[in-house]
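Taking it in order: structure first as structure tokens, then the write-up.
In this document, chain identifiers A, B, C and D correspond to the written order of the chains, with residue numbering beginning at 1 in each.
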Amino acid sequence: MSAIIRDLAHLAHIEMYTPKLDESARFFTEIMGMYVSAAIGDSIYLRAYDDYEHHSLKLTANKHAGIGHFAWRTQSPAALERREEALSKTKYAVGWHDGDLGHGPSYQFRYPSGHLAELYFETHKFKASGDSVSALKNTASKFPARGINVRRIDHLNLLAPDIRAFRDFQLHYIGGNLSESIVDNLEDMNPQAVWFQVNSKSYDLAVTADHLGLNGRFHHLTYAVNSREEVLIAADICLENGIFIETGPHKHAIQQTFFLYVYEPGGNRIEIANTTARLILDPDVETVYWTLEERKKGQAWGLATVPSFHTRGTPMPEEL
Amino acid sequence: MSAIIRDLAHLAHIEMYTPKLDESARFFTEIMGMYVSAAIGDSIYLRAYDDYEHHSLKLTANKHAGIGHFAWRTQSPAALERREEALSKTKYAVGWHDGDLGHGPSYQFRYPSGHLAELYFETHKFKASGDSVSALKNTASKFPARGINVRRIDHLNLLAPDIRAFRDFQLHYIGGNLSESIVDNLEDMNPQAVWFQVNSKSYDLAVTADHLGLNGRFHHLTYAVNSREEVLIAADICLENGIFIETGPHKHAIQQTFFLYVYEPGGNRIEIANTTARLILDPDVETVYWTLEERKKGQAWGLATVPSFHTRGTPMPEEL
Amino acid sequence: MSAIIRDLAHLAHIEMYTPKLDESARFFTEIMGMYVSAAIGDSIYLRAYDDYEHHSLKLTANKHAGIGHFAWRTQSPAALERREEALSKTKYAVGWHDGDLGHGPSYQFRYPSGHLAELYFETHKFKASGDSVSALKNTASKFPARGINVRRIDHLNLLAPDIRAFRDFQLHYIGGNLSESIVDNLEDMNPQAVWFQVNSKSYDLAVTADHLGLNGRFHHLTYAVNSREEVLIAADICLENGIFIETGPHKHAIQQTFFLYVYEPGGNRIEIANTTARLILDPDVETVYWTLEERKKGQAWGLATVPSFHTRGTPMPEEL
Amino acid sequence: MSAIIRDLAHLAHIEMYTPKLDESARFFTEIMGMYVSAAIGDSIYLRAYDDYEHHSLKLTANKHAGIGHFAWRTQSPAALERREEALSKTKYAVGWHDGDLGHGPSYQFRYPSGHLAELYFETHKFKASGDSVSALKNTASKFPARGINVRRIDHLNLLAPDIRAFRDFQLHYIGGNLSESIVDNLEDMNPQAVWFQVNSKSYDLAVTADHLGLNGRFHHLTYAVNSREEVLIAADICLENGIFIETGPHKHAIQQTFFLYVYEPGGNRIEIANTTARLILDPDVETVYWTLEERKKGQAWGLATVPSFHTRGTPMPEEL
């Protein structure tokens, strides 16, 4: 294996499509406890209380749910240049984009799965003012005390028809370490799902096989809360407010994330999660492989994975 | 010791005086996460989301902070009659009162410390409707997902100049068990503070020596949250919203309550607490005595008690 | 409905049968974190660290799993006499028993379902000594810091072929309040499961229809931990130690208990639970009824009830 | 400011001196819940259950408490070479060391404060076997279910007479980002304490002014637990086992760590901590500065810092 590319700082934001912009926005503000940074045209920009950038979520009105694009922030301007140089030689390159509200120029590209993504370094860091200033100056903005109080964007999970192609592209052109992976078996090692680590968190991006073989679909976006107790409280809040709970709270065997999966009103799957004190600090950690046989055991404590978790992505084909 | 009087069901409500009615009401709704049941004249009636009665707190505008009165609900109509009969022969009896919003006729009396209290059985149970209905029909109303989300009234702490007189009056005329007590030493056994248990909770009422020797003062009112984690979150919410934190979060040695003490805008001390799984189910449990010497060790994990906890009660003499 | 009989203080102990006495004892000490009080003949007596009596669990070697008997402690000697008087006129009375290790004379009887039970008041309260003394004198013994650290016995769940008969017997002869119940539907109101409250906890005994129509079977015994976080930790401890997790952690819609169900090595189902700050303090609370239709929704957050939860009781017929 | 040196992966281990080797070892195994990896001569090597290396703590018998040395693991062999090259030109270089149990060759140096440290890349990753294998293959070893169950080494806090000298040396020769700092005031910016971030955790090393002006002293070593609830449980475990609690549990304003400080039997200060979901992912985050004036506010929720926290380091001068 060639050396790990360490040019990415973290998952920065995603543009989420929703057929119900107002209801989705209400979910992310009232239920998730996020703040609106801006609303322009068909898009609403949001951030969690300790997201340091202008936004981690851009909601865009669209006829069906799904993902518009997502972004990585690089470690430095030089890191951005290195990625541009590597990508520019490939058919995946889209090219420079002027930047959106909240960040500077971005270099865009498409993953083998068709997902549009971008890389940038220049960013407009959020400066709290007035009522949004936290009493603790090492917090980006005030703890909202509203709904689920998510702290920060955590990770994105995509669906892709060819996991091997996605994995190799990510590791060779974009960066990060393959921290965990599902393979069919330990002889053939055909990847079914992959988790990419780009900082001390054990993953910022996960990609799972699209059972329908479609390109460009979205599985879920995850925000982190401060404790597992808050994931439990989140479940009550969703129950009380008619937000559909797909599965959880429970603990993943893979990556050990304590999770709750719900559907926001636009139809996209959202995860509220806490990973306890688990981090990967080992710079040459070995990938943990799970076989399909092992996955039959279900989640960490034995919960069977609900079928919709394997079949539902946005958009659903019937919506297209 | 004569038999324990088991006629009380629980602490029902308190009338809290505040010189800043609107600000106090905002604290209890926005910060504590309580619901307004009614607002009539100079009073606002509030309840926590799982309080089953019309209100557990009546805020009344007054030139200084403090307590107007408080109420016990009895186990039955017969229990109420027994208490009336016992009290009516004493100088402490005030007599029947028509009842307030939310409950039926009450029998009023004054404690030896001058505190006005009442006993009643008939009550108007809260019936949630519309947006306040919980998804779980064994919850009195919807989890608010706002502020501290206190669940139910827990206990009241008064100041009194003569603890022995209060204790004997409570045990002989009103009811309950003396679960814990501070005494000067184990020879003289002069009580400095007392905790009364009337159900499986280890106390519903505590009374502490008033260092100024005044009658009728209030020390604190406590609401329960579902976990110690929520007490910690409450501390952040108070910090973020400029609510003065007097002490905590920490664990009391006495009664083991995990506590946070803050001042509501009117000046009264409010506690947010969780008692974990601790209950007293033993029907003939012995009183636990703590000496002043033992109290010097501070709270359970060694936190020194802040001086204001010993000296501040409402009203403060300078406000009178 | 006639008046509620308030003669019971709490569920006191159960005698659990196990075909693997040593392994079961190791589970309750090493995994659950309980203390051994005594071991005599084929029985081992255990208590949780804050159980105030000599034992809350008596493990007895037996060819199959199940329940030997269980006990209620009464509120007073007079309460015991009242129960004896009521029971002695029925065919359910067994009569006085000399008492077992840890408690005085008990009045024994059989429920309509054949379960042997007893009532007593005199008890030998546990006095910690040496290394088992807690640093807090309001705790029965030292926090074990071993395994799951269960705090106290919480409740017992039996199976019975005729729920109506069990319910009526309990309410008319033994005592308590029917806090919640599953009925087939709101017209016929045929009870399928019942929960009895005898103190401020919302239940100490639950009884569920035995789908096999058998007498005398056991469903589960529950110990309480101090937080939901500890229930989650308990799940990890069971996972790490090869203890079979049947279902959970999750939250019951009925009674709102946050639960984890596992099988101890002898085959009996054990629950580790936390009920947050929920108590029933209302002395004339109305029973909450759930229909079979409502139960199809699964647990509070939507988890489907695992089939074995409906079918498995101890002993299993094939073991008899 | 010159570019951040990103050659360090994480704090790897510390060698702690103790005058009571056996008692200290018992504290780390029984109370902290750590595993012994090896015991050779006067040293015992320990690791937390999810530390991936051979050890994170080497206890060495010594006439007084304090620190022997500590180690950084580098990101790569090349990173180690870069650090060697930079250091070798300075008077701080000590030179190559053959390596200790558990890791390969290390490059040793002394900080301006006299603290001996080393850098290495080659390491012997812990391979669990037998009873120490976790049921989850992404955990280094089995959750111990014993005592405080610390998960992994978190950070080290040293005392130094010249904070500016230490800070500049660390940033120019060793690496990391200055995430937070206490300065006397915002005009003079004389550093009083510094926190260095080398991965996504907000710090792996903190250095505080030694009020006695001594070289080479130790302030505390921190292990992380999975939740704040476990920090609270840790406090009870220390209370129950006679471990002196210096202060906490409480939340630091600086870095927001939820902390508990205790003294291990050898006299060294140990912290048990949880940082919730807080991480620093921003690659060009600005240092957060706190003035001495601001520090007077105490910890996040207002707890006054105990005087011993400012005065006690190991060794204490009277022990030398």
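Methods note: contacts are C-beta pairs under 8 Å (C-beta built on N, C-alpha and C of every residue); 3 or more make two chains touch, one makes a residue touch a chain.
As the structure is a computational prediction, the values presented were derived from the model and not from experiment.
A.B. asks: Chains in contact with chain A and with chain B: which ones?
C.D. replies: Where chain A and chain B share a partner, that partner set is C, D.
A.B. asks: After a C-alpha superposition of chain C on chain D, what does the rotation angle come to, in degrees rounded to the nearest 5?
C.D. replies: Fitting chain C to chain D on C-alpha positions yields an angle of 180 degrees.
A.B. asks: Which integer distance in Å separates the CA centroid of chain A from that of chain C?
C.D. replies: Comparing mean C-alpha positions, chain C is 44 Å from chain A.
A.B. asks: When the C-alpha atoms of chain B and chain C are each averaged to a single point, how far apart are the two points in Å?
C.D. replies: 32
A.B. asks: Where in chain B do residues touch two or more other chains at once?
C.D. replies: 136, 226-229, 236, 239, 300
A.B. asks: State the interface residues of chain C toward chain D in the complex, per the touch definition above.
C.D. replies: It comes out as residues 31, 134-136, 142-143, 145-149, 226-227, 229-230, 233, 236-237, 239-242.
A.B. asks: Would you mind writing out the residues of chain D in touch with chain A in their complex?
C.D. replies: 3, 6, 9-10, 50, 52, 73-76, 125, 136-139, 151-152, 154, 180, 199-202, 224-229, 253-256, 274-279, 281-285, 288, 290, 300
A.B. asks: For the complex, give me every residue of chain C touching chain A.
C.D. replies: Answer in residue numbers: 227-229, 232, 235-236, 238-239, 245, 247-251, 258, 260, 300-303.
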